[in-house]
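Below are two complexes that have subunit A in common, paired first with subunit B and then with subunit C.
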Partner chain A sequence: MFLMLKLMDVHVYYGSIQALDGVSLEVPKGDIVTLLGANGAGKSTTLKAISRLVNIKRGTYELNGKTVNKQSPHSIVKKQVIHCPENRRVFPELTVEENLRVGAYIRKDNKLKQDLDRVLSYFPRLGERMDQFAGTLSGGEQQMLAIGRALMGDPKILLLDEPSLGLAPNLVREIFEIIKQINEEGISILLVEQNAHLALETAKYAYILENGKIELQGSTEELKENDQVRQLYLGA
Partner chain B sequence: MQLKSQKLKYIFNSVVLLFIIVYPFLMNMSGYWMTLLVMMTIYGITAVALNIMIGYGGQISIGHAGFLMIGSYSVAIIADRFELPFVITLLLAGIITAFVGLIISFSAVRLKGHFLAVVTLGFGISVPVIALNWTSLTNGYSGMLVTRPAILSELSLYYFIVGCTVLFLWFMYNILHSSFGRAFISIRESEIAAQSSGINTTFYKTLMFVISSFFTGMAGGLYAYWIGFVGPTDFPVTISFLLLAMIVVGGMHSFYGPIFGAVLFSIIPHFTDEFMGITNIVIGLILVIIILFRPEGLVTIVDWFKMNKTMEKADTISKERGS
Partner chain C sequence: MEALLQITFGGLIFGSIYALAAIGIVMIYKTTDVVNFAHGEMAMITTFISFTFLQMVGLSFFVSFLLALIFAAIFGMTVYQAIIKRVQNAPPLNQIVVTLGLFLAFNGIAGLIWGYTPHGYPSALRGDSFQVGSVFMSPHQLFILGITLALMILFFILFKYTKIGLAMRATQQDMQTSSLMGIKVSQVFNLTWAAGAILGGVAGILTAPITYLEPSMMIDILIMGFAAAVFGGFVNLPGAVIGGLIVGVYSNWVSYYIGSELSVAFVFLLIVLVLYVKPTGLFGAKYVKKV
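== the complex of A and B ==
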């Protein structure tokens, strides 16, 4: 039961400013796909277009072959495509447990307890802090909570926006290990990341965005060897 | 510790309720003093209802005096034209106000912050003007008389209002402590994260408006029954700001805060009204002092006691360890 996500020639505008200029990409079943690019290239906008937080002006967005261009954000969540937004954005004045419950808001099934246990097995530290306000957590813990909250929505495709932002290097490694684990349990992941090294190591396939366009794409093996990529993103 | 504070809360609530029950007898059935307490309950309901939007949902409204007025006029008009049981009339007043709230929310859910404030402010200003000029419905400047339900004496009406207040507060408490409440708070904290968690923000913002205006409308209806008269100058736009001040002074991140604010600001005019123009100065001063020194509102004074206790405890522990 995997979902297939496909963007074809997607254009997004903020007012009159064009943010995405014909982006086409695919997240195949069960893979980690990464989206690289400089600041302002349109990585976060692509994720927002997928979770429908911004309007798609032109182009098609398909889930399992069905066009969902015009669907509302919560119905995309219902289709189990879940966005873990940039800068964590946990709810600071809700407790850790309440944050996780909000993550499962739209669900009607009774697997909640099971999923809560699963999230806590990934992030045992959250378990120790269930009754604490999320605003009092450290940056790393907040990131764990944000990912945990997204997992509570029982995603088939998880959209991660810069999970390494502002975290200590060992924490970043820890979180990326968990991202791999999550993927091994059958959740496809679309990863936006500044740390190109790490992203290329983690993912199977990569897209490189520049000025709202896909400039390059390929398996990460290939891209690691590509001169342009090495110069621009790997600093070698 | 948790249990003890629960118990304390229970005792506090019982004492307050008992006081309210014997209050008319303490005050010798004085209409003035009973009105003072009834106004507290009406503002209490309204402030809590407004706080659903502002404190919990993060949606500002400066138009709640308008909803109060619609509620009070609904009762007056329905009681005047139809022979309905007064409880039904009151409920209808709530429903009519909620319907108006729904209409306002259609434009309001698309707006944020200052823009939303301006829309609601405009609503709050226009309601009294409509009440003044729609003479065929509202009797214009002369206002409308509301006959007290025949089966109720003044005392039993007082108890009815107190009972309604407890009931409404109980309802709102339960709404805010259900999953609805969590959705409201998540919209306040981060709309983007709420949306990406699958919360239909438009729906919940509309719901906030409807719930809030429903209870406000019923509070307005209670007012109409108690005072026995409604007029176009009853709830000017300044009342909307007063309600806002009640929430801020009481504490908007708490369910009980606005009640504190409502009680305080209903008592103040009693002491200051003999001096012209002093009331607003006092209210303004209190607002400034609270914002400077207790920005989370009066209700945090309760936490303050708790904190002192935990600090005492920490002190004794460190003393025992001989440090």
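== the complex of A and C ==
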């Protein structure tokens, strides 16, 4: 039932500029894994390589042991790896309900109603705003909608790109509680975060990315005690 | 007063055709970010194809009409796949040169194949004009109104209530995120060009009985269609429709009361005024598109 995601020595270029320089990582079954690093380190690019928005020039990308380097974004979505992009990217001129329906675009099964109810139980505020244009929602509500929309795709692995971006601290806590709940229901999560405190609290395993390379990795328990991490990312 | 009513009615008829042309242009621009100057010439070619089915093959009007629209769909997709796709991410100026080039090329090719002699083109509904109140109307005019209305309703339903319509709207707003939702955006682009070419083709087939069929028949329609699109800020489909009707009525008034040679000039004078007051167009909003 779980899906195993693995990147091995993945290289990505934007034109002639190298964005990822041999990234290897794993999202084991049912875990929350976080990817930390400064701006421009390649965190979002890693997620984009996984959802196949950018080309993998070299290296291997596997889902359950099968190479999927060359597959289209569509087929990655079909394999239930769903990417919730940075800056929320809700469709501003679609209603909340329509945004959720787009999230379920590829679904052909009949569990839609059930999944919609689940999303609305995580984010009751969306239920009150179903007919409102997404562009009129507050930042927090848009983030909830973006996560809800991704859940409508019935993910086995959820890729979350900076869900805390630009949100008030209490909202961030609320959203991270829900991220943990989502994980407890059996969805593996790859979490990209700037807020290292929060990410290390939430995840089980962490990778630290610098200049397109994995510099450090380990269990979050370990990394929280690591001097380099404390200095650079936890400000201790 | 009677003249005013008659002129206004006539303007609504032309306006319907401008509206059909405009929504094709706007839809294509909104979805694929390309301003298609060849829109009118693609419509003209579709009209010639329908004429070929009608006169040479001798099929009935409606069969020729349908076959021509199927041709239009394939034509639209082919133009997109073969040419436009390559320049979709090119600088706007390059795209403009490409679609202007297609405009000239299609015009020339049509002249080569079908010649420059105007042909008469039959209307679907023949028969004498009749009077409603003080306004004379012909069956063809009612046909234009009916088809336009039917297409508007059809497209409204398509966009609002179908899955593919939802995918089209999502892609218009954010292409990259749409593909993250599993939407095959290249399919959406194909469909958009097909639908745009169909709308243009209908406009052409409705125009031909009024203006004669010849390679330059759609140039005025294209200009007025662009004018109509500008009213909607180039991104708003209902705005383009209302823009089409405004342009149609207003230009007919100018033709009648001032002089027909000035109608295009006055339409663009109005557009300059509108854009001066509201630079985003009458019904346009500030539109930031994410790619």
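The working rule: the second predicted complex is superposed on the first by the 236 of 236 C-alpha atoms of A that agree within 3 Å, B and C clash if a C-alpha of one lies under 4 Å from a C-alpha of the other, contacts with A are read in each partner's own complex, and residues count from 1 in each chain.
The rule is simple: a residue touches a chain if its C-beta (ideal position, glycine included) is under 8 Å from a C-beta of that chain, and two chains touch if they have at least 3 such contacts.
Given the structure is predicted, the values throughout are model-derived calculations rather than measurements.
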When subunit B and subunit C are modelled together on subunit A, clash or fit: clash
First (subunit B), second (subunit C), both or neither touched by A:Leu190: neither
First, second, both or neither for A:Ile106, with subunit B first and subunit C second: both
Which of subunit B and subunit C A:Ile214 touches, first, second, both or neither: neither
Touching partner for A:Gly153 - first (subunit B), second (subunit C), both, neither: both
Which of subunit B and subunit C A:Ile50 touches, first, second, both or neither: neither
Contacts of A:Leu200 with subunit B and subunit C, given as first, second, both or neither: neither
Touching partner for A:Glu93 - first (subunit B), second (subunit C), both, neither: both
Common interface residues of subunit A - those touching subunit B in one complex and subunit C in the other: 51, 53, 72-74, 77-78, 82-83, 85, 89, 91-94, 98, 101-103, 105-106, 149, 153
Touching residues on subunit B, where the partner in the complex is subunit A: 179, 182-183, 185-186, 189-190, 192-200, 253
For the subunit C and subunit A complex, residues of the former touching the latter: 163, 166-167, 169-170, 173-174, 176-184, 290
Of subunit A, residues touching subunit B in the complex: 51, 53, 72-74, 77-78, 82-85, 89-94, 98, 101-103, 105-106, 146, 149-150, 153
Of all residues in subunit A, those that touch subunit C in their complex: 51, 53, 72-74, 77-78, 82-83, 85, 89, 91-94, 98, 101-103, 105-106, 149, 153
